[in-house]
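So, here's a batch of structures to check.
In the two complexes below, subunit A is the common chain; its partner is subunit B in one and subunit C in the other.
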Partner chain A sequence: MRAIDNNTPQQSTRQHRHLRFSILRYDPNDSASVPCMQEYQIEEAEGMTLFIALNEIREHQDPTLQFDFVCRAGICGSCAMMINGRPHLACRTLTRDLPDEVTLAPLPFFELIGDLSVNTGKWMRGMNERLQTWLHVQEREVDLHRIEERMDPDIADQIYELDRCIECGCCVAACGTAQMRKDFVGAVGMGKIARFRLDPRDIRTDDDYYELIGDDTGVFGCMSLLACHDVCPKTLPLQSQIAFLRRKMATLGLSG
Partner chain B sequence: MKTVMTDVLVIGGGLAGLRIAIAARKRGHESVVLSLVPPKRSHSSAAQGGMQASLGNVTKGMGDNEDLHFEDTVRGSDWGADQVVARMFVNTAPKAARELAAWGTPWSRVRGGDNDVIINEQKVTLTERMEAHGLIAQRDFGGTKKWRTCYVADGTGHAMLYTTSDQAICHGVDVHERTEALALIHDGERCYGAVVRNLITGELVTYLAKATAIAGGGAGRLYSVTTSAVICEGMGHGLALETGVAPLGNMEAVQFHPTGIVPAGILVTEGCRGDGGLLRDVDGERFMPHYEPEKKELASRDVVSRRMEEHIRRGKGVPSRFGPYLWLDITLLGRLHIEQKLREVKEICQHFLGIDPIEKWIPVRPTQHYTMGGVRTDHTGQSPWLKGLFAAGEAACWDLHGFNRLGGNSVSETVVAGMIVGEFIADFCDKPENSAPFPLTLAREFERREEAKLAAILDGDGKENAFKLRSEMQDVMTHQVGIFRRGDELLAGVAHLQRLLERSARIGVRGKSRAANPELVAAYRVRRMLKVAIATAYGAYLRTESRGAHFREDFPRRNDEEWLKRTLSFWPDEAASLPHFEYEPLDVMKMELPPGWRGYGAKDYIDHPDTPRRMQEIEAIRSQMEGRDRFAVQETIMPYADKLPASLAGRNERLDEPLEGV
Partner chain C sequence: MSHETILIQVGLADKPRKSRWPARLDLLQSITGLFLALFMWGHMTLVASILWSKDAMWTIARFFEGYFIFGKGYPWLVSCIVGFIILVVVAHALMAVRKFPINYRQWRVIHAHAKMMKHEDSTLWVWQAYTGFLLFFLASAHLYQMIIWPQNIGPYVSSYRVWSEGVWPLYLVMLLAVELHACIGLYRLTVKWGWPNLSRETLRKVKWGLTAFFLVLGFLSLVAYMKIGYEHRTRVGERYTPTWVVEKERGAQQG
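Take a look at the complex of A and B:
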């Protein structure tokens, strides 16, 4: 019964605050629209997340405010935005962890749909196509009636570790290189390559991967500022993966 | 009028929709997927614990096969399932898991040798066979006789969806992201596609297709507290209902998951209990063994959820300003297990509750989770009422789940139905008679009608607020159409929903943009949601028995004599405020598993008069065929093999069941 004593319902020690939101508004579909910061005030509630706060603003104050949420559980990667200057998943951000004044802006780099909504999906699909982020195998058709191919349990766990990426775009939004070159694949892209490279089922070799990321749009574009690693909401090991890939690709580049 | 022509139009970019599109594409048919959001953000990604497939690789899964999976599924459904469909499903599930493995899903794998696990509060060492080392592992889930749930840690849906979505890209499937179907184009007999709105630009586009498939997921957002993503608003259901000809099946069958966290309603997986987690009350007592001595925490979801609410009613809940709740205790599983196999659970607890589940118990309460009801289809996935309209996954009533779905069977259904229905759709498109020219005039008429509806909202002087109507509907559904239902409350709920539907004709919007406009979206969706809600609530009122997740306090017994039938709701009259109901009987004399006790939950029910006769018939077949293999016996009792697409028929190899020949 040890857990019961220290199990108190989740409670905020602070009394309900008035939160002031300053939100970057802009509707590219409206030629009269000019980017500006708009202020909203709401009363904080128990367990309030930015998902709850933004919906409250939309439903009770300003129905035109645009933002994206899908799972509201930190799983789907839809709601990344700049929260007081730092990219993060809004649904997973509790207001109690924020100061009284909160500034929200859309992720930079991605195409703006309106206000806090950006088209990460479109960019991610382009990245997936470019890096061919699917398993490349010799035989396309396997006999599904037969027992599956074996895989080392540790390797499977390690692959899942990298497969947990939710393509939210935080790493790209935080990336110094991406600010300068639009064709950079970002940590998300390099993470994908690391994932397939680790997969013994994938027949691609380092030569193949070199073709995909062995230049300034890939591993050699990275300036090792590694904000990607710091902001990744899934705490993927981006730092070690990028460093490892770069060493492999550099060795290959030098020997080739 | 902008028009897109294709062979297969799939509405919904989750697992079911993507898998259909891949199937069609592989058979040489062009396919376009419409998705409200980028497909990898679909609600499929929220499936955590795993996918049922009777691979029987782990020790606790040895001896598992299609027969046991079939029986568990039918019992779980409280005999509401279509047993032929259940057979098709269980035979295809292992193939689906293996296909995903071949496509790259990083399934958690068996470790040969000794593994420590927790079973019924005891630390147990399970010795896995060395010959199983590296094969796909299974964990325990509710309502199953064997450990059958294949998993990728607790991010199974995510891993499956990423694999499938990337395969769709590899196969050149066209996905039109951020688009929404507003109406199906049909002439009362044949479906030809849909009128579609681009959610970024607001442009209306007409999509014409030989086959149209609804794979739009569930309707969890009819309720105020749900594990569902915000996009799960039953729009696929609504599209079919609004045709007036294609009915929905069993909408009153709504599943409540035992462990949604309080207050956010976010799911923590059944895998927590499958892996040995316990439910505790305000006193810290484990209470499920008192109610369900056999399956305890791992009875089916409908039963566990009811027992939890029953326990709360006895004053055993933990009081809070969000209402009483109970505890889910996974502390006994230990740090290593939680950090490896229940990572998402740990993250959810940290981020939304501010607790570490390694140390502390998780506050949970039964929460709306799954829509068993859906677009009624035949075993091929096609609506028998509207040719060319197909449905699969949570949006469909195929009908695999009957009145209660087993954990791990939904994400399994998405890919299995995607494979099976995808093949049937390809067959449909192969037939020259289904390539008749598209009715362009009809399509234009449908597009004008949708345009007019949008204009009425944008330019009209309606004063009703869509967000308010939606939230009122969610309250009605939560309080009057919840876990425990009563005739008088249901009727009052229906009346309230009818008033909301009437008010929804007068919705106005403050934001007038025809392009991306969240208020406009809420406005046109809420009316459709209300219709689906009324079909659900009124269907629940009419069903005067308790079956699976549908529990009537005023009719607590399952009544096979009168209610062994499927509810069909039609909405033929656009101006009406109630659907029209018909019932489709289930034939006991054709069942492989006639109705009986589920093995958990209530033991008293009213038998169907045919049940004893059918039991005798089956007994006679079994004794006549003694010595024959299980496949021959099964095929004699309830033939189904000819129903599967040829490429998916055939047996499944297991370590204990090698395939002969070849």
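Take a look at the complex of A and C:
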């Protein structure tokens, strides 16, 4: 289908581009549905994001188009998709940074809901349960009069840096290893282990972390293609964190 | 039958404690790769001694036969070195093949991924896998020749092999494969382990610089051996005599 939106008012004197979107359409719940690329055209507007463009298509051209969004501000991670072959957040992608022709596809690896919508949450939940990505603290009696333990501000900053992960799935979609091996925990998983390893409140040791990521589905499966680091919308230091974890876990291998 | 074997068979080997072998195998892959890449650079530099002089190449070849220690060359010493290299290559290949796409689905998806992503490090990995696969065969052929006929290393005998025995096409493809594979592999080691802690842009520039240097060095050396082989094509089997020996013999004859 080719639909052209002629409703956009020409208020600005500046000549805006006509953007051509080629979007992968498929409904896995419809047995008659066959994956195909569908084309749409819209006129670019000032400061337009991909998220705005998609909403315009859905509102004016095709209400059946499926894609996800919640926050529109790069915080929720819902609108991640393959934009011209690379994963990124639609809400953080300005159309002015894209060529005239844009190809959109759902993130690979995750369960497809339909069109550009994938169920990252289901996989993320499984990964978090598998890697036990929550604080493991010493059980002790609650004493409301005791002053809370202080944390070194530098450590707190480092933890905060890694806690900025929004679980958008871009790192997993960009990972060559994950495309080949579905049981790989991905950079998101290793980033979380690195975060809890930093936390002085967490009582787990490297031996415990080895139980979680010390094999080819974890840190030793990583082939260091580093697309995860390059596409992370939150610019998390995934390369250095994975290298650090690899060194720590490999040391355990030598100690027996 | 050991307790451990029974646990492995029934899939309980990682209970209650996960095996430390994945860590060791990962280290082994990196260490063997590092060793082989550095060995290849050293090897290429020594092979390139032909660009300096035939005497230099002859001296290096005899050095590895222990000529300057025992006063006589023992080619089997070279076979021992080659035997060790074969062991390292086999260990590295065994470790590396674990990461290869092992079925059509994986092969198809990694190709589409690299093509769509247009991400240099992902594309380099595909090249690393291809060249590594190629080296299974090329390196085996070369190492077999070297372990069986270690005495055939020298300015003339190597050139006969290259030209008259028609080995130059193998060496040409192997040169490309090995230099690409080694340089990409060393680059990958640095980013994998986080040392040296330089930016990837800098590391990639160094990598491409080294690739270009060793490719040019290797290509010039191959051409030099081909030229000598062509010039001596009617005297196959003749061994090189170093200049100083020729002059000494000439002096003795004149005296």
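Note that the second predicted complex is superposed on the first by the 235 of 256 C-alpha atoms of A that agree within 3 Å, B and C clash if a C-alpha of one lies under 4 Å from a C-alpha of the other, contacts with A are read in each partner's own complex, and residues count from 1 in each chain.
Going forward, a residue touches a chain if its C-beta (ideal position, glycine included) is under 8 Å from a C-beta of that chain, and two chains touch if they have at least 3 such contacts.
Being a predicted model, the structure only gives us computed values, none of them experimental.
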Room on subunit A for both subunit B and subunit C (clash or fit): fit
First, second, both or neither for A:86, with subunit B first and subunit C second: second
Touched partner set for A:224, first subunit B, second subunit C, both or neither: second
Partner chain in contact with A:253 - subunit B first, subunit C second, else both or neither: second
First, second, both or neither for A:244, with subunit B first and subunit C second: second
Chain touching more of subunit A, residue-wise (subunit B, subunit C): B
Contacts of A:203 with subunit B and subunit C, given as first, second, both or neither: neither
Which superposed partner A:180 touches (first subunit B, second subunit C, both, neither): second
Partner chain(s) touched by A:37 [first = subunit B, second = subunit C, both, neither]: neither
Which of subunit B and subunit C A:151 touches, first, second, both or neither: first
Smallest separation of CA atoms, subunit C relative to subunit B, angstrom: 21
Subunit A - residues contacting subunit C, complex: 82, 85-86, 108, 174, 176, 179-181, 210-211, 214-216, 220, 222-227, 230, 239-240, 243-244, 246-247, 249-250, 252-254, 256
Sites on subunit B touched by subunit A in the complex: 37-38, 40-43, 45-46, 55, 94-95, 97-99, 101-104, 106-111, 133-137, 152-153, 155, 158-159, 162-163, 166-167, 169-170, 175, 177-178, 200-202, 229-231, 263-264, 266-267, 280, 284, 318, 320-322, 327, 329, 331, 340, 343-344, 347-348, 351-355, 359-361, 363, 467-468, 471, 509-511, 513, 515-519, 522, 648, 650-655, 659
Residues of subunit C defined as touching subunit A within the complex: 14, 17-27, 98-99, 101, 106, 109-110, 113-119, 121-122, 125, 188, 191-194, 200
Touch list for subunit A against partner subunit B, complex: 1-4, 6-7, 9-10, 27, 29-30, 46-47, 49, 58-59, 63-66, 68-78, 92, 94, 113-114, 117, 119-122, 124-125, 128-129, 132-135, 137, 142, 144-153, 156-157, 159-160, 163-164, 166-167, 196, 199, 201-202
